[in-house]
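Presented below are the structures under discussion, each in the form of structure tokens.
Two complexes are shown next, each including chain A; its partner changes from chain B in the first to chain C in the second.
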Partner chain A sequence: MVEFLLNTVKPHFNFWVYVILMMIGLWSLIAKNNLIKKMMGLAIFQSAIILFYVSLGVKDGATIPVLDYHGEHADHNAAAKDEPAMTLPTSSAGNPADAYANPVPHVLMLTAIVVGVATLGVALALCEMIFKEFDTLEEDELLRKIKALHDDA
Partner chain B sequence: MLEQLPALILLAPLFGALLIGLVGLHDRRACFPIAFASLVVSLASALGAAMRAFTGGAYNYFIGGWEEPLGISIVLRVDALNGLLLIAIAVVAVLAVIFTIRPSSEKDTDKTAYFYILFLLLCVGLFGITITGDAFNLFVLIEVSALTSYGLVAIGTSRRCKMAAFHYLLMGTVGASFYLLGVGYLYLKTGSLNIEDINTILTTNATVAQSPGIVTAFLLILVGIWIKMAFFPLYGWLPNAYSYCPSGSSCLLAPLMTKVSVYVMIRVMLSLFGLEWVFGHPGWSDLVVWLAVIAILAGSIMALAQREIKRMLCYLIVAEIGYMVGGAWLNDPNLWGLTGASYHILADALMTLCLFLFAGILFKYHGISEIGDLGGLFKKMPLTSIGFVIGALAMIGVPPTSGFFSKFYLIRGGIEGGHPEYVGALLISSLVNAVLFFRIFEIAYFGKNPADGHSHDHGHDSHGHDDHGEAASPVLREAPTYALIPLLAAAALILLLGIFNGQIIELIRTAFGNSAIVVSNLR
Partner chain C sequence: MNPKLYASIAVIITGLVLLYGISDFPTFGDPRSPANSGVEGGAPSTSLYYINESYGATKVPNLVTSVLADYRGYDTMFETVVVFAAGMAIFAILRCFGRDDEAVITAPTKSSIDGDHNRIIVGTTCRLAVPVVQIFALYVVAHGHHSPGGGFQGGVMLGASFILIALAGNLNDALGRFSERSYMTLASLGIIIYAGFGVLPQVLGKNFLDFGVLEKFFLTDGPEMARSHSMLGVEIGVALTVMSIMFAIFANLSSRGTLKGGL
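Moving on, here comes the complex of A and B:
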């Protein structure tokens, strides 16, 4: 068990977390009866994917992708000495880009978050309209009412 | 100026939508002219942009002139295949917008401006999906078109459309999320988001191409797109969403949304991963063709069980999606299956438009939604009937129409690729379509108009079919001109597309480039 955790789970920790979160979301999307809970499942599902993307940009010991130039105030640098990442760009032998976290997945997720917010907004508005129309948000009751509506017509 | 045409296709409806937001909300008479004008500009630009691709081959357009494929590149790519699709989308959008010139009831008038804003934004999304050369932007544009289509479904007055829209939203978002996840894996393995760039990396670097991460990415993208296109086991959202939404919306949504998703699948197979990579995995092709066979048969059988025209058409869409997915996956040596599937995207967009316009006319002006109520239709509405008959014959696959030629190429691909089950399913489905539509012909030609009674008197009709609330009188009258123009134009285009199928097929095959040779070498 411990070996499994160390050898399989730990190296791909972010993947395990996102898959578990995604499955929680998908489960509540499918199994829950209440439309708001379904919507929450959808939000968890989307957030899991956002976390996955964010974890793609992470590198060990890297810093935020802002050029490490502090202008004339040299002593400003001293305050940040505790952070190991700040020393990297010149000292790391390989690619200087290794010193910085990859910003692209994070930027992509800004867009995806906006899309997710818009989706949830539309979903909430639809829930409100459904509630006004049928006075319930429980799916089984809704289906019963719709069926009655259909039989009358 | 001519170089800017690819961007103009997108920008015209986008700014049209903004302009309607400014002007149309105050004066709803301004909505239709703005929407119509911006779509006509799109159509003209699409024609220009596609012509350039037809004569000079595929080309890229870099928005802002940023050519480096670093991070997110805003690149538009036009080749012969998506050039044709751009024209088809623009034509369908222009015809569908003509149909919406009058709101169907007074209740709808306060929503006119919102309707047109959503309509134009949906067109932006569809054009964008078709033309973009970036895998991540494709996701964003899929969501743009999806969010607007949820709105277009929910904007109706029917009590059930909100529920249908909600389910559509849940399914659609899950589909798009799977696509996004797949793109994440692609980025993880290749470090690029540009479609061409990823393809270059996959073809030159075999270790990356064969890694499980890329296979995961492909499968996630495929499942996501299948949800979006309502491929058989994942079709649950489609019938309700398309049959309960207002007629004006369904005329745009039904012909385009699913077809554009099929295009995305073909683009992903052809340009993103490459046919060599996709068909290099033994067994995949057979599996997907069998899934498509099930989709075709299930869609046809469910269509037989429907009494309402729109619902019947919805299940026929499910079957048609099976045609296209199966055709694209046939893996026959000369790529006739893929050619037929690409051609069928265009053909099916037009015939679905034609049939949904017909259903829309009947529902909007006469409140008819059931097949049984069509008695006496041919006599009372001859022009509408002509349009419908051409659409129906195309759906069945009768020679001069485009439906015949797409089936011809698909069956040719099925035979050459060694998939008799697919050929069989296509033929059975054509027979089912024949049964379905000839049943309607029979009722419409020989059946009696219930409102007529026996005396052919139009004056008094005691039992109306007005429980749908849109039209009080079931007396059949010829549809108004602005509804007839798009219907007859769609019918004429179906015939034209069929007659000029040779040239169009040739254009489609130029877009495949040397993939045909690659695949035949592979076998």
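Moving on, here comes the complex of A and C:
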């Protein structure tokens, strides 16, 4: 058991956490009856994916992807001159790009979070209207009421 | 049988498949992983290009801002449009006019921010906190080039400051300061600012969102600084849209579309 934890779980502990989080979200999407709880599951699912992406960009010993800024006239400063290395480094040890975390996952997730909030708002608005119409957010009751409506018509 | 049992079986199988898949993944924090430095024997990762070249091309130290607003300008523009469209969808779904009898919560007569003595602690704290929140949000928008920040983050904080007014007082207090007409106008204006920064280079004969050609307008030396300044303009557009739509979502959801009373 300890061996399994050390050899299999420990090198990928972050991915294990995200898979477990994602499965919690998926489970509540399938098993829960209440629409609000389903949306909570969707939000947990989304958080797992966001954490997954951000963790892909992590480098050991790297700082945030903001370059050291040497004031207004960085170009005239000899020390700052070689700050942005002008050659594309190959995958060898000790290249200057290792000092900064990968910016691309941050960019992708930055917009995903805000869009996630906006789409969650749309989902809540739809739930609001469903509740106004049917007085319930339980899925089985909704199905029964919609079926009764069809049978009447 | 119990549907929860079936759900558990499906979820456990999916989880095991995913856990099998991650066994080949790079370890946490590995700078040599494919995402961080490219596949072995293949091309280097795009992120290396951004880290090494984007400061020289845009003069923006915050790599996230320069990738977000310049390299991935189309993506960010349409993300902003998605936020705008979500706000419009909520408006179309929830907003109801002229049926005051359906308003479940009636508007209180007293405003707790403007001197209701029953809620003086909450009202005063909110009145003191909101300007600080807003100034910090403006700093986050304006300083997004040199420190963590940018239009999305600052816009959400600006929207949150108005939501704080609505939570501490009532919705009418917040709507008195940021009316429906204002937030609809500002949400559209944000998109127009962003698209305008895209169309302007087209008028000058370059591609959509090719900011380098705007150096004539900004009176700067070289296309790099023009890109930097255009990014600030683009971020302001994003911040306006996000701020307005965040508040519109809250206002419509908390009052069931009547914009009266609310929480």
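One rule holds in what follows: the second predicted complex is superposed on the first by the 128 of 153 C-alpha atoms of A that agree within 3 Å, B and C clash if a C-alpha of one lies under 4 Å from a C-alpha of the other, contacts with A are read in each partner's own complex, and residues count from 1 in each chain.
Rule of thumb we're sticking to: contacts are C-beta pairs under 8 Å (C-beta built on N, C-alpha and C of every residue); 3 or more make two chains touch, one makes a residue touch a chain.
Please read all numbers here as calculations on a predicted model, not as lab measurements.
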Applying the touch criterion given at the start, work out whether A:Met40 contacts chain B, chain C, both or neither, answering first, second, both or neither.
-> neither
Which of chain B and chain C A:Val17 touches, first, second, both or neither = neither
Chain A residues touched by each partner, larger count belonging to chain B or chain C | C
Touching A:Ile49 in the superposition: chain B (first), chain C (second), both, neither?
-> first
Could you look at A:Leu142 and tell me whether it touches chain B, chain C, both or neither (first, second, both, neither)?
-> first
Report for A:Leu26: first if it touches chain B alone, second if chain C alone, otherwise both or neither.
-> both
Looking at the overlay, does A:Leu126 come into contact with chain B only (first), chain C only (second), both, or neither?
-> both
Using the superposition described at the top, list the residues of chain A that contact chain B and also contact chain C.
-> 26, 56, 103-105, 107, 111, 115, 118-119, 122, 126, 129
Hey, which residues of chain A end up touching chain C in the complex?
-> 8, 11-16, 19-20, 22-23, 26-27, 30-31, 55-60, 62, 64-69, 83-91, 95-98, 100, 102-107, 110-111, 113-115, 117-119, 121-122, 124-126, 128-129, 132
Mind pulling up the chain A residues that touch chain B in the complex?
-> 26, 29, 35, 38, 42, 45-46, 49, 52-53, 56, 103-105, 107-108, 111-112, 115, 118-119, 122-123, 126-127, 129-130, 133-134, 142, 146, 149, 153
Using the touch rule from the top, collect the residues of chain C that touch chain A in their complex.
-> 3-4, 6-8, 10-12, 14-15, 18-19, 22-23, 25, 27-33, 35-38, 40, 44-53, 55-56, 61-64, 67-68, 72, 75-76, 79, 82-83, 86-87, 89-90, 93-94, 146-148, 150, 152-153, 155-156, 242, 245-246, 249, 252-253, 256-257
Parts of chain B lying in touch with chain A, wherever the complex brings them together | 71-72, 136, 139-140, 143, 147, 150-151, 154, 159-160, 162-163, 165-166, 169-170, 173-174, 177, 180-181, 184, 187-188, 193, 467
